[in-house]
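What follows is a set of structures for review.
Across the two complexes that follow, chain A remains constant while its partner is chain B and subsequently chain C.
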Partner chain A sequence: MNTLTAPLPSSGHGLDPRRMAGALGHEALGEWRNLVRMPAFSIPTLLFPVGFYAMFAIVLPFADTTQAAATLLVNFTIFGVFAPGLFAFGVGLANDRDEGWLRLKQTAPLPIPVMMIARMLVAMVFALAVVVALFAVAATAGGVRLERSAWLILAITGVLAVIPASAIGMALGAWMKARAAIAIVNIAYLGSAMLSGLWFPLHLMPDPVQSIAPALPPFHLAELGRHATGLEAGSLAVSLSWLACVTIIAAALAMPGLRRQERK
Partner chain B sequence: MSDDSAVAIEGLSVRYGAIQALDDVALELREGQLLALLGPNGAGKTTLLSALLGLLRPDGGQVRVFGHRPGSLPARCLSGVMLQNSGVPELLSAAELIDQFRSYHNDAMAREAVIELAGIESLADRRFATLSGGQKQQVLFALAIVGRPRLLLLDEPSNGMDINARARLWRTVQAMRDEGCAVLLTTHYIEEADRLADEVILLDRGRILAQGSPNQIKSRLSGSEIRFRTRMGLKKLQTMLGEVQFEFSSDRCRLISATPERLLASLLQADPELTDLEVRPVSLEDALSSLTLEHAA
Partner chain C sequence: MMKTWILSIALISALVAGWLLLPVPSHSDTDTNADGDVREQWPDGDFTLTAARVFTGTEWLEPGWIEVRDGRISRVGESFEADPDLPMIDLGDRTVLPGLIDAHVHAFGTALTDALNFGVTTVLDQATDGEWARQLRQASAGARYFSSGPPATAPGGHGTQYGYTPPKVRGPEDAGEFAETILDGGSDWMKIIIERGTGDWQVPSIDQETVDALVKAANDVDLMPVAHVSELETAHWAIDANVHGLVHVFADQPADDALLENMAADDRFVIPTLVAMEGVAGTVAVDHHSDERIAPWLSGEQRASLTQRWPGARNETLRKRAIKNTRAMYAAGIAILAGSDAPNPGTAHGLSMHREMELLVEAGLSPHEALVAATFLPAKHFGLDDRGLLEPERRADLLVIDGDPREDISATLSIHAIWQGGRPVKRVLTLEETVADVPEHGRMSEFRIDEAKAGFGLGWSATDDNMAGGESTVEMQPDGDDARAWIRLTGEIRSGFDWPWAGAMFFPGDQPMAPVDLSAFETLRFKARGEPAGLRVMAFSPALGAMPATQTIEIDSEWRDFELSLDEFSGADLAAISGIAFVAGPELGPYQFDLADVILE
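Up next, the complex of A and B:
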């Protein structure tokens, strides 16, 4: 009996659905281990949003009204949950491409979308951790009072925000060199957060910034957060459709980058 | 194309800008056959593997893997691949990586079996980042065989491996070939090709220069290799050896002769003080380098 090489299959190739789920699980586990063992990723991902939130909402007297307290929580939740997907894809994928890991996987019978979904699921776990940490601080020291359903919807919004963040990260990571990616993804992250009014209220910003904000995904994610918490916000439909558009366009831009022919 | 063909390549051409990386290459690899692809850097070995994996689109010709398009899911299911410079998530252990790759296959080998076949018992729990170059190659080899492939593609597999690791690799590759796996191997170690390969293909500047069993290729360069040290000068050697090509530096001389007995007699007569004399059959390396030189001339 052959043990080292399998017989040629008479029909059917590829993983059966049960196996596919197993591959997704193993893929996610590998991604999870790789990220939690990388303090440069896991520590800033959790500590930055909580630290900045604590500074603005607790140390500095910006959370002086119930509304202001909720606004700060929404803003820093979106700031926090936008990072894991953006960085895991933007920097992680660029690294995988540069180092030949993606190429090796493209030769394995793992469908590449499974690899992408696994990475997104792990980013969602990180986003959930950010949400839990922020909510804990907000509900205690931050003095935020919300309906139970509002907490829940804000948390779900935070986890699902990983989808557009991942798509944008994928578009960047599929085309850029790893070294450039680190700088560009950071600029994109901090810049879009600032210009979306996550750090300072938009009405305090100069007019050009106020007109750019509605083009940026974090702005619309914050809009969803404001809806969830009963704050004043624009049209829910507009924000959802804009986020869907950005996600689809970014994913479409990433595809040719991933399939790019090998050239020396 | 025969029924037991694992890889069939016809008229394969690949250009990178002005450089013709592969020029009208044809080859067939059958099940249970071990083919070694040799050639200097830039000969087109890695390009050929990339075309076989569907990682690049050829400018001409046809490539089939068990009748499937290279890079297609059925082709990938049947292939085990080891590439040069594969970066792997460095914070994962060898065993974790093996489990991850096992999950990609319906019918993967048990983890312990893979670890043993790759000879990485003592490395399995170490993170990839802490391994030496040769040990990393062993782990990458383990990832190539987890799916019990029908076709094994190995790009310079033994690079950096120590003697024991290399011997283990060779044993496993031979065992797989004996079970009917088709193996395509590129290597810089000609000894590796000589020991393992049923067939050798010499690639140079994108073209197949020679093809045959190691013995067939060696027989193209009939004769023996002779090495010795002598006090004779270059001039005297030149007149003595006549047409015979030789290498000479300080007092060491190396040459290949079709009539070694006759040549030795005249050498010993000319220099009775001759030392460190060695005579041995030509190696595959000699045969290949003479073929490459012939081609360049």
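Up next, the complex of A and C:
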């Protein structure tokens, strides 16, 4: 009997979908409590994007046309929703490893993918909270007027942006020590946001920056946001496929890092 | 468990409710152009007007006052003591601009009236046949016309494919004679075409030496030389030869510093024609279907050129480069002039000037600068010192719009009024152009048991407020008995639109809302019955804009005869009726009514 035809292990914990769902629920709830109770994560995640958006769109006179107002909202939505996934995995995973949690979880009767999905779902909830907060400010004080469908698609884009952000976070967190992770994830986050034109219009940036932007995931997430809101944007297919590639590559890079832990 | 469910449902409901509360763009802008009767009271002669904002072409007066005498501006200021003998027009919270000047068009057909209909009071034709130009200069209606006349281009070169033959320029030796010829023909400046083509499209072009000779010849006869270029290299030829401006931005590669410095140092200008570039790039973005500021005002020719497309794929790069080069020129301090290059594919006379201003704002100009580019700068650079600025002695070419274009440049499309040389311009609703003849008889209905047949016109159809964002429903069903045939309307009036309606609409023309002359009739007779309620009869007319004139009747379960005097549809122009509707609402709830024997007498 070769391995291809071997029966699946029946003692596995991950095969009964109902039990899986239950485990996922518990794990997600645990993650949620974990993150909410970590003010270093939850407060900046929620307040930074809203604060920056308010500064650029309301305090400073940058949202002077309907287009500019929509552009600012798209940019800061992407800026905001990119953080939860990136940090929950980038910093969170590194922490887990350093503190031995990951080993504990690896021995617990819960498949690692379930844990990852639970963490991602929680990050999505955070992303949704960021979206709700930003939309509330944009609608009341930011002068943003969008078609109802555009609001919805932008919100969905924001929530789904957690997937590539999580994959990138995973790749970083799987390989780094917790202390280094905080610094490096922050640099990656703020740097890529800046270089992707989320803070300042790309055309005001030096030419080298303009040519880097199309390689960065936040740029393409912002492109999706621009598509959603009818702003000028490049090819939708290019952005989607680039994001898919980045997600797959990042997840693939993360795997050996996680396994390395297992072998320790 | 139960608690979790309730909490989840509450949370989701809150999210959905929040989503429904998010602000959407306003689509119903109905009063903007509908107050035709107000404008008819406006004087044809001298007057004083005041508005919350007056943009003079270079600066803002808030509020602003303008006095017009003999078609020219006599006084302008933030306030002055008005001459009590002059009629006073208070435009309220609106903005007065100088009439727009489109610095790059090619005019034929209905170009001049089309342009004026969108507030463009002057057009500058950048290459046409000498004889066409002569006729257009004398045109009595539409935008005022200035022209380069025929362009200087190589035999068989760009510009020779439009059905006229410019005087030949084979080389430098022909330059002097060319200049004399177009001067005699009445040209206001000289247009030099330097175009070698691109990709599969290769054309002969005049060379650099000929450009030099042409510029010299133009200067000898006092014509300002301008150049069509589409490449950085040929832009250098033109600027080195000392042309005064480029009539397109080039997009083959980024502008270099030498060019930018030379252009800025000698006060050269560029007319980027980004809207035409958008056409070439295949990225046209104008809503001519549902935008109430655009759709009803487009002529057939405007609609045709706007929807025409260049062959070939979308080229985002071209568009981006054009914008980028414009931005670079603007940043270098080069004068940017607004011009549309209408009627090239994807553009339309008049309308495209508004889009050009939006694109200039996208390229980095402030809305204020985009307005300067569309008014003062073309006048300055083309030597039109009688317009483009609201100051004493200049022509009273005025464009009045709702709102403040500094907040949103597209506000220039919300046209309230236009004056040209001190005379109010009656904007042409395109639908008015095609008022159909009086029908021979007035039998609106020839219903059968199985068919909602009409006696004339496009006939009967169900109508509801969904097109205005409402939620009401309607179903139209033909029915009948031995005595008569009728149509039955059933449905529900639901909240959603402020004035909900649903029922039946009769279109008298051969297209929806095409107006028909019904002035030969006096009375609308019909039979109706239904669940006791008020029934509204509405007459639509271009003169009323989107709001119909309405009469209300009471129906009950018995067939009753109704007779409405057409004169009671107040404000409707009986010579141009575009629809008659029988509708339930605005009371909410289910409804049902039957209509029969509808006739105009």
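Simple rule for what comes next: the second predicted complex is superposed on the first by the 245 of 264 C-alpha atoms of A that agree within 3 Å, B and C clash if a C-alpha of one lies under 4 Å from a C-alpha of the other, contacts with A are read in each partner's own complex, and residues count from 1 in each chain.
Criterion: a contact is a pair of C-beta atoms (placed from the backbone, for glycine too) under 8 Å apart; a residue touches a chain by one contact, two chains touch by 3 or more.
These numbers come from a predicted model, not from an experiment.
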| item | value |
| --- | --- |
| Which of chain B and chain C A:Thr66 touches, first, second, both or neither | second |
| In the superposition, chain B vs chain C on chain A residues touched | B |
| Which of chain B and chain C A:Trp151 touches, first, second, both or neither | second |
| Chain B versus chain C as contact partner of A:Lys177, first or second or both or neither | neither |
| First (chain B), second (chain C), both or neither touched by A:Glu27 | first |
| Partner chain in contact with A:Arg37 - chain B first, chain C second, else both or neither | first |
| Interface residues of chain A shared between complexes with chain B and chain C | none |
| In the complex, chain A residues that touch chain B | 2-6, 8-9, 13-16, 19, 22-23, 25-27, 29-30, 33-34, 37-38, 95-96, 98-101, 103-104, 106-111, 261-264 |
| Chain C residues within the chain A interface of the complex | 15, 18-26, 316, 324, 327, 361-362, 364, 367, 406-410 |
| Touching residues on chain A, where the partner in the complex is chain C | 64-67, 128, 132, 135-136, 139, 144-148, 151-152, 155, 203, 232, 234-235 |
| Chain A contact footprint on chain B (complex, rising order) | 16, 50, 53, 55-57, 66, 71, 73-74, 76-79, 81, 83, 85-89, 91-92, 96-97, 99-107, 109, 113, 117, 140, 143, 145, 147-150, 172, 175-176, 179-181 |
